[in-house]
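Multiple structures are listed underneath, in structure tokens.
Two complexes are shown next, each including chain A; its partner changes from chain B in the first to chain C in the second.
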Partner chain A sequence: MSYHLATQQNVINWIRGLASENPVYFPEKYGHASYRFAKVEADSEIQFEHYTPTVLPPVKLLIPAREELLSFRKHSDGKTEINPTLDESFRVIAGVRPCDLKGIFLIDLFLKEGVADAHYLARRENTALIGWACTAPCDSRVFCAAVDSLHHSEGADVFITPLKNGDVLLEIKTRLGEKLAAGTDWQPCDDGPAKKVGVVASMQEPFGRTFPVGVQDIFKKVAKNWKSPIWDKHVERCFSCGTCNLVCPTCYCFDVNDDMNLDVTSGNRTRTWDACMLPHFAVVGGGHNFRPDPAARQRHRVKRKFEYLPEKFGHGAVCVGCGRCGRQCTAKIDIYDIILDLINEGERS
Partner chain B sequence: MKPKVAFFDFASCEGCQLAILNCEDILLDILNLVNLVEFREAISEKAPRYDIAFVEGSIHRDEDIERLQNLRSRTTVLVALGACACNGCVQARSNFVAPAVNYEAVYGEDARNRVQVDADFWSLWSHTRVRPLDAVVKVDAYLRGCPVVPAEFLHLVKSMLRGTTPYFPPDAVCVECKKNGNECVLERGETCMGPITWGGCNSICVNNGYVCDGCRGTLPHANIQSHITLMREHNIKDEDIRSRYRLFLGAEPIGRGV
Partner chain C sequence: MNTAASRYDRIARETFIPQIGKIVEVADMTAKDRFFRVVLENPLGHRPGQFVMVSVLGLGEAPISISNGPTGDNILEMVIRRIGRLTRAIHELNVGDELGIRGPYGSGFSLDDFYDRDVLFVAGGLGLVPLRSLIVPVIAERGRFGDITLISGCRNPAEELYRDQLERWTTDAGMDVIRLVDSTENMPWKFGTGLVTEPIPKMTMDAEKIVVALCGPPVMYKFVIKTLMLRGVKDTQIFVDLERRMKCGVGKCGHCQINNIYCCQDGPVFRFSDLSAIPEALQ
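Moving on, here comes the complex of A and B:
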């Protein structure tokens, strides 16, 4: 763990250098007004400060939309050969904002719990994260400060904080971070923590959208609302399209399928993203659907973020306040509004 | 025994059968596993009974109904092939226009006058209602889209060869759009049928810069009222919304409603 000072240009050159040796992903502008994590090429534009949350969060680079888990083949002697598919290639994801670092930190917890997810961990353990502190809200929809993810830096190998004078403070947080920083001419900095405190103190207040109560009180409110008209109110316009789940940095649900080849003796097992807002998500063998109506699915989604998983893992809200779900919802449903309604709602059982 | 497979078409462009013939890299492997007994686009043989019949096209005339019912009685599995067979497709737009107006537009004024007075043409009046296959007979599986998606065709064939039920998730196009990391069409200031349309197309139109026109049909759980609100919020006039819904879905409730 060490602190350094450098110019922004110096850091950008460093990232370009890394990209010449390894795949480096960095937010890239595309389409009308969107950003995505894309592989840095020689002509890629790299700028840290001005980008809204990417359409998909960076954690999705570690859990691809479609992924082969294993391949299988039945031999003529009756024996079946099974080969797991693990991606152990090295990659760097740079320009990761605190909310998304918190997302990856939480997914690490979820997928290491119980039977660890070998496919995720193979990628995760071969991924370096370069974080970038936010000093101003990146989008009008964010509420990261309200759910305590604004200052999250755990999980980053190198964490960068922009300073008032235009230079940056680099915090090398892991051995991998040290390795990546080898050969740079950054100036050592003795008062790194104090400089960080200074940056935080000068940040605008309130930062993004806020709630009238703290996270612990939100948990209590959400836990006490099972039967509430609020669940119905916020699904009146819902298309059950799953977008809110699919763009969420803490959603990780998937569906597994076996795809046979035409020879009917070999094939592969793949997984694809699933989403608890989709109508058939909770259908079980025999055809029963535990959550047939959108209100029940919305309640489940909100309770996963603000009740079930916070209770199970004890690392605060499992919503990081990035605002992606609200921004990308075609029906204009925003989890922020739902939480605000729940806070203002009288208690029901 | 290899299953007997046949292809038939009603009112359609036969593009879905071509889409299947275009699966060149796997077509020969499939043909090793099935016995293709009727396929006007590719072979001239005929057969009395089929295990799987793929039927393309929409139903317009009384004689189409009889032919489809006859087909149904001779096949174990009937698969609706493509948008015409599944939801009526673009030709269902004609359901909303008086036949005489259509005749005049296509064949001129003389033809319009003749069909109205000459009894030999009166059977053509039944030409007025375009229907998907399942308005006439039971359909066992749907391969949606204009044209069909080769990957879905392959999934269906493999499932049938294995004796399992093919599964086409009732997910909106939005699901695949997100999986592909696309910027939402609404973010571009345009409107889209994606939120209420059956996915499975891998959001191919949006991937290529266009919007979803809803060719794969309306989802069973589609929130149509919400979609109308969304279109109106984008300042789209009601008549344009109607036209949009009738582009591919004239034979579905959404095309008739609004």
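Moving on, here comes the complex of A and C:
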């Protein structure tokens, strides 16, 4: 771990340099007001100043919408050959904000636990993350500070904090980070931690939307509200489209499907994003639906973020407060509003 | 990078690559249920109540209950209902054809919970298939159990599974077998009519000594459990085998989640007392 100082232009040139050797993904402006993680090309604009959360979080670069798990081929001697498909190519994701670093950190935990998710971890292990600290809320919908993800930097190989004077503080956090920084002319910095504390102290309070209680108290409230009119209140206008799941940095549920090639002897098995808000998510053969009611599906989604996975893994809220679900929802249903209502409601079991 | 490559390749193989099983016997059980006996490359090594992920490469994969007792050999027996695209394709297969098999998965039953107790099996419809993987080893050690009763119900006489087996269990397994249909629908039927709950209030039962294993359609559980509890059977003495949608079998795809537990890993067999704080369990 070491600290360095550099100018923003210096860092931008460094990222361009990395992009000339490896695929580097960086938030680029897309349409009028949206951002997306896109591969840096020679003419890409690289800037840190203007940003709202990308439509899809960067973790989706590691969990593609459609991913081959295995391919198979039936040989003429009758033997069937089946091989896993793994992507172990190297990539850099730069400009990753603390909320999204927290999202990747959590997905790492979830997919390492028990039977490890080899397809994700192979990609993740070959991915370098360059983080960028937020010093002002990126829009009015975020509530990262309220769910303790604003200062998350674990998982980043290099973490960059912009300083008041326009320069930046670079924190090299891993060996891979050292490798990426090799050959740069950044100035060593002896008082990195103090400089960071100074930046944090000068950040606006409150930072984004807040809750009247802390995360541990939110967990208690959510756990005690199995039967609550709040579950019906917000879902009244829900289309069960699953967008909230698809844009969430901590959603990873998937469906599995096979495809046969036209030769009818080879094909593949792929997984695609699935969403627990979709009506068919818990339907079994024969047609029984274990969660037919949209309110029950929404309760499940909220409880995964604020009860089930926090209890199981003990790393705080599994909602990082990025605001994407509320921002993208056609019906303007916002998990922030649901949690706020649950906090303000009396306890029901 | 090479060491990482081989490590994840190995994990991916263990997780997602099915072994190839060869079908050695096929038999119709009902108009829509077919029995399959499959010989695997490696021993299955399963416990009663576990399941496998069965696939036809190019068409898909689904969780299927194991119906044979744990014998330690390479044999897998299943009864598969024709219900969708994949199972329709499986029904087209014959002796000599191949199936992809992953697993076994899940918790399953432990015989230790049943030794020295009276045992009641309650099976509704296809529920008899996974329960058979427990009934077979129980009968094999008949002397280690008290009274054994099986209540097996299905919609109508034509839908009854394992008829020959039920005959044999009735005559020479030392077990009371109560065979029921919801309705005879004017088909010949020499056994009882009614729901699987109906014999329970009339049974001679030592509520302290009995252990119950039940498996059937989702609607069945609540009513059977309620009836058992009215007889004084405690929730610690009841084991339920639950069904859920499953796509991976290894606790990742999210479909089988019941509140905070994963049916594929924590279940599908649960001691009912462990589900007291799991409101989604019997929905």
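FYI, the second predicted complex is superposed on the first by the 345 of 349 C-alpha atoms of A that agree within 3 Å, B and C clash if a C-alpha of one lies under 4 Å from a C-alpha of the other, contacts with A are read in each partner's own complex, and residues count from 1 in each chain.
As a working rule, a residue touches a chain if its C-beta (ideal position, glycine included) is under 8 Å from a C-beta of that chain, and two chains touch if they have at least 3 such contacts.
Every value quoted in this text rests on a predicted model; they were computed, and no experiment measured them.
K.L.:
Kindly classify A:260 by the partners it touches after superposition: chain B alone (first), chain C alone (second), both, or neither?
P.N.:
both
K.L.:
May I ask you to decide whether A:242 touches chain B, chain C, both, or neither, giving the answer as first, second, both or neither?
P.N.:
So A:242 only meets chain B here.
K.L.:
If we overlay the two complexes on their shared chain A, which of chain B and chain C does A:69 touch? Say first, second, both or neither.
P.N.:
second
K.L.:
Which chain, chain B or chain C, is in touch with more residues of chain A?
P.N.:
For chain A, the partner with the higher number of touched residues is C.
K.L.:
In the overlaid three-chain picture, which partner chain does A:207 touch, first (chain B) or second (chain C), both, or neither?
P.N.:
So A:207 meets neither chain B nor chain C here.
K.L.:
With both complexes superposed on chain A, which partner does A:121 reach: first (chain B), second (chain C), both or neither?
P.N.:
Touch partner of A:121: chain C, not chain B.
K.L.:
Would you sort A:3 into first (chain B), second (chain C), both or neither based on which partner it touches?
P.N.:
In the superposed model, A:3 contacts neither chain B nor chain C.
K.L.:
Where on chain A do the contacts with chain B and the contacts with chain C coincide?
P.N.:
259-260, 264
K.L.:
Provide the residue numbers of chain A that touch chain B in the complex, in ascending order.
P.N.:
Touching chain B from chain A are residues 30-34, 36, 55-56, 60, 65-66, 236-243, 246-247, 259-260, 262, 264, 272-273, 275, 278-280, 328, 330-331.
K.L.:
Which stretch or stretches of chain C touch chain A in the complex?
P.N.:
1, 4-5, 8-9, 11-13, 15-18, 20, 55-62, 81, 83-84, 87, 98, 100, 217-218, 243-245, 247-248, 250-255, 257-260, 265, 279-280, 283
K.L.:
Once bound in the complex, which stretches of chain A touch chain C?
P.N.:
69-70, 72, 74, 80, 82-84, 86, 88, 111, 113-119, 121-122, 125-126, 226, 252-260, 264, 267, 269, 271, 274, 276, 281-286, 288, 290-291, 296, 300, 303-304, 307-308, 311-312
K.L.:
How about chain B: which of its residues touch chain A in the complex?
P.N.:
26, 29-30, 33, 158, 161-162, 169-172, 174-175, 178-184, 186-189, 192, 194-196, 221-223, 226-227, 229-230
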